[in-house]
Amino acid sequence: MGIHRFFTSMNDLERIIRCPGKFKFEEHNVAAHSWKVSQYAMFFATIEENSGEVVNWKSLYEKTINHDFAEVFIGDIKTPVKHASPELKQMISHVEEKMMEKFILEEIPVEFQPVFFERMKEGKDATIEGRLLEFADKLDQFYESFAELKRGNTDPEFVYMYQEALTKLLKLPLKASVSYFRDVMLEDVKREKTALDVKAFTQKVLTAKTP
Amino acid sequence: MGIHRFFTSMNDLERIIRCPGKFKFEEHNVAAHSWKVSQYAMFFATIEENSGEVVNWKSLYEKTINHDFAEVFIGDIKTPVKHASPELKQMISHVEEKMMEKFILEEIPVEFQPVFFERMKEGKDATIEGRLLEFADKLDQFYESFAELKRGNTDPEFVYMYQEALTKLLKLPLKASVSYFRDVMLEDVKREKTALDVKAFTQKVLTAKTP
Amino acid sequence: MGIHRFFTSMNDLERIIRCPGKFKFEEHNVAAHSWKVSQYAMFFATIEENSGEVVNWKSLYEKTINHDFAEVFIGDIKTPVKHASPELKQMISHVEEKMMEKFILEEIPVEFQPVFFERMKEGKDATIEGRLLEFADKLDQFYESFAELKRGNTDPEFVYMYQEALTKLLKLPLKASVSYFRDVMLEDVKREKTALDVKAFTQKVLTAKTP
Amino acid sequence: MGIHRFFTSMNDLERIIRCPGKFKFEEHNVAAHSWKVSQYAMFFATIEENSGEVVNWKSLYEKTINHDFAEVFIGDIKTPVKHASPELKQMISHVEEKMMEKFILEEIPVEFQPVFFERMKEGKDATIEGRLLEFADKLDQFYESFAELKRGNTDPEFVYMYQEALTKLLKLPLKASVSYFRDVMLEDVKREKTALDVKAFTQKVLTAKTP
Amino acid sequence: MGIHRFFTSMNDLERIIRCPGKFKFEEHNVAAHSWKVSQYAMFFATIEENSGEVVNWKSLYEKTINHDFAEVFIGDIKTPVKHASPELKQMISHVEEKMMEKFILEEIPVEFQPVFFERMKEGKDATIEGRLLEFADKLDQFYESFAELKRGNTDPEFVYMYQEALTKLLKLPLKASVSYFRDVMLEDVKREKTALDVKAFTQKVLTAKTP
Amino acid sequence: MGIHRFFTSMNDLERIIRCPGKFKFEEHNVAAHSWKVSQYAMFFATIEENSGEVVNWKSLYEKTINHDFAEVFIGDIKTPVKHASPELKQMISHVEEKMMEKFILEEIPVEFQPVFFERMKEGKDATIEGRLLEFADKLDQFYESFAELKRGNTDPEFVYMYQEALTKLLKLPLKASVSYFRDVMLEDVKREKTALDVKAFTQKVLTAKTP
């Protein structure tokens, strides 16, 4: 059909729940997640610019709002699947890619197909925008799991998600952003009143990371 | 851990929604679906027994209640993915199988592993119990899409799901069951007051099937 | 009408919430509950078979999937009602029975009425299948209340439900199943991280039970 | 305990869904229903006063806000049960009464017990306040079923509920209220754009009622 | 149109959630809240009557069930807005008033307009009924925040709401009601098992209030 | 506190429902809406670029993702309020502005305050990015109301919202975008199977607009 079909399919992402199957005090859909990622990315891109980096804002905008569109085809495949083995993870990525290709060729008008192929490809590359996307995506995993722990969700999965996100955030090659996150934001995080001892989970990662 | 871990993972299937992403007037979870499948299967097994077939009830019981357990790992991958290409469908099945294998080896006590490998394998084989499972599973797709059409859901996906389920039900090699479904149940279905013209969708399939 | 009417009424059980009126972090419907009961029963029937008992699998299948069908007429009458007095409990059972009788005579085709009367009668009898049904039903009450306590639900009703289920489970005349539950599963339960002190609630019952 | 226990039990009525088990586009809880009933009753009491009747406002207030409190014990027993047979209906009423009595004796401080026994007894008596309560309660059934039909709910139960409520409303011994409802409000109802032909269902009752 | 339009607009209040935007373990709608307020008010009016005060029950009935009707136009504007500055609070009240006026003039039949203007005006005046309304409204804020704290909601907003409600309740000029609340009900509240230390929050207010 | 506080407040927008109080078959939160707006804007900015316009992508990115952030303070004030009178609309805008100012001064670190004042100000100005924001925001109103009409929501409010959005979209000073919307997308819209006659509603606006 055309762009009308693309626009109505966006509505489907409001019904795809992140981390399906796990008990959560609050659910998040992929559309709202994408918005939060685009907000985090804008803030940290400002930090990077202030520290002298050059940011391509159009690219950052494209990467953040489109990074999970492929979930419209395959849902939010649960993290354990993605990480069960590198081979399975690759298979899942391959399926997503094929579905996206099929969708663009069938639904997007020919004149826009090149733009869509460009925008819908994997955004987490080595450019500064790619790294900012990865940072922002991990930050939302950090905040989603933090909120569950704060409210007392005892499922060990969320401790794992929290610590994994934190570990990755601290290691990403974005010097100014990582500093700001670690030195300013984490201090506020540690000051919050929480049901589970999030401060201890945080400290463990902070201590572990310096070898 | 052990069986305790298996039992608590069953709770996850209460949070896996069938046909995720699509707009529906009513959502169904995989646990409730499994129960309905086991009910349909028991009824049609009775029909088959009455017509002279021999049913292994233990096998039917095992097949029906376990047939979607693998969705605990991978969710209800949307039908379009499963059918986009035979290659993609096979990949998805392979991922599911690998996840199940990993789960049994890691979580199920050694003495029960053979039983679980047997019970969790693909149940839709050529035995009468395998065919009854397939019939019952399709019948739930039939009823779920029927309910959406009846309430006025105009998404063409549900017309497609309804007609696909109906077509397959009429072709399954279960003579007595198919007759009962077609000659008795479909008559009641066609008499129901519905928002969309389900009777017409039904008639179309009934007419098409005789070449 | 006929079986079509019976099948669509099954959908109603997806909307009957267990333990209505009480605050819960997670709700469970009667359809999903029935599936979980049929899973527990299959596992413990395997345990009993391994210890030398003879299990009628068809009967167990029938009993588990049908044991709460009557709630379609009367809902999940809250436990306090059921146990307020033996007289009130009996009245409620009588209402349920009458409604079921009426339903079978009005909706089920004559040729299937004997089968339905057999399948829909109270399943918790003295047979091994009846005892397995009772065990499995109590086990789901155990797991539902455990999950609430684990997540920090302070309503005393759930402590009561947990301890009552545990007490009954330990007393049921199913030697191999009770041993496995007590000696293997409860150990895993006690090792879980929980918001309320479930280990203490458990220990209290374990200690109390030996006179 | 005391009044604190009574006040927190009111919260339970926010979780008791009316007409449980049936598919509805919108659910209503018993607390919100009670508020709507107290609103309708106040309006029609004003109509009656204007036509010369004497209304005891304190009694009307008490009757409307308390009329469904007993559902806290037993839920909203589905209409079919209530009406299956006069004998079953009476049994259910008896159970409710016994539960209420038990609650008042156990939870309400002695000095308030007489007030609670008075307020919690069946309110639909022959007084004008009792008749206004019945009118208001039926009017909410009328509006709830009207809303479902208006949105296209094809379940015949709602046509039945709509027509039954309408029939009873037109027959209640409240001359001014019935006139206003029939001559003014029903005209507005019939002018609404609806998915199903509510106007026809309405006309049928209006025509039938005059012998 | 007329009263039919007023009655259907009441349904909108079942969809207006109190304290929107904040994370809550349980949501409450404005319709159910209004019912709870009318229940609290009736109880404390009885207390006041018993202590010799004269209560106008019709006025109390009118005030309690109508006190939040204006939220149908403007929603439950979040408390922070209302209290950000007296000027902003006044603006919001002004908007609500104007909307109500417009609604009455456009939707309510001329003969009922005086009654509606009277019933829909701000009810929290200096009469005993006005003070009982204020007491009952605060008591629901007390119970809503208490329930969140009891279940472990760590959002500081709810500690603030709880303490603010408690402070105001203790100061209202309703001698018998305040005594009963403080001396009888608060004792029961403090005895409850809670996830957060509600007893300490309560004690803090009780100690602070005596200068 | 700081940016941590800003980031956690974003979560609140996932709980603010658009068009609160009205019956809808599907609800949309403000976070997901913001994402959809940023998607529409990117597409039409591409259209404008292709037709020779110069787009400031950073500005468009900022405008779209921030345009409804102020609803975190005041919720989605219902459209009727906004349009009841120009005076009331202005008052509401003033309240929002004051709340935003207060939030930035209290929560955002001093070094980022100028950036936040710039980003959070009203984005719908006369620049091409401001017009694209307005176009995208109206387009989401168009799609939200279209989806309700398509599924059979008979509330006249949604016909009004649909026609008002359509009228405004066709008049916005964005030549290439309006052409594409009218000549390509609307054709697809009119071809969809819908429960209500959306084609007629559309045609009416299309005909009306050419004087």
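For the reader, a short list of remarks on this structure follows.
We call the chains A, B, C, D, E and F, going by the order they appear; numbering starts again at 1 in every chain.
Here is the rule we go by: a contact is a pair of C-beta atoms (placed from the backbone, for glycine too) under 8 Å apart; a residue touches a chain by one contact, two chains touch by 3 or more.
All values reported here derive from a predicted model rather than from experimental measurement.
Here A-E and E-F were compared by C-beta pairs in contact; the pair with more is E-F. Look at where the CA atoms of subunit C average out and do the same for subunit E: the two points lie 41 Å apart.
If each chain is reduced to the centroid of its CA atoms, subunit A and subunit D end up 50 Å from each other.
Contact with two or more other chains is made by residues 11, 13, 23, 25-26, 147, 152, 195 of subunit D. If you sketch which chains touch which, the pattern fits none of the simple shapes: not an open path, not a single ring, not a star, and not all-to-all. Taken in their complex, subunit B has these residues touching subunit F: 23, 25, 152-154, 156, 195. Of all the residues in subunit F, the ones that touch subunit B in their complex are 25-26, 147, 150-152, 192-195. Note for the complex: subunit F touches subunit A at residues 1-5, 7-8, 10-11, 13-14, 26, 28-29, 31-32, 34-36, 38-40, 42-43, 46, 57-58, 60-62, 65, 109, 112, 115, 139, 143, 147, 180, 184-185, 188-189.
The touching residues of subunit D, counted against subunit C in their complex, run 11-13, 15-17, 20-23, 72-78, 80-81, 84-85, 88, 91-92, 94-95, 98-99, 102.
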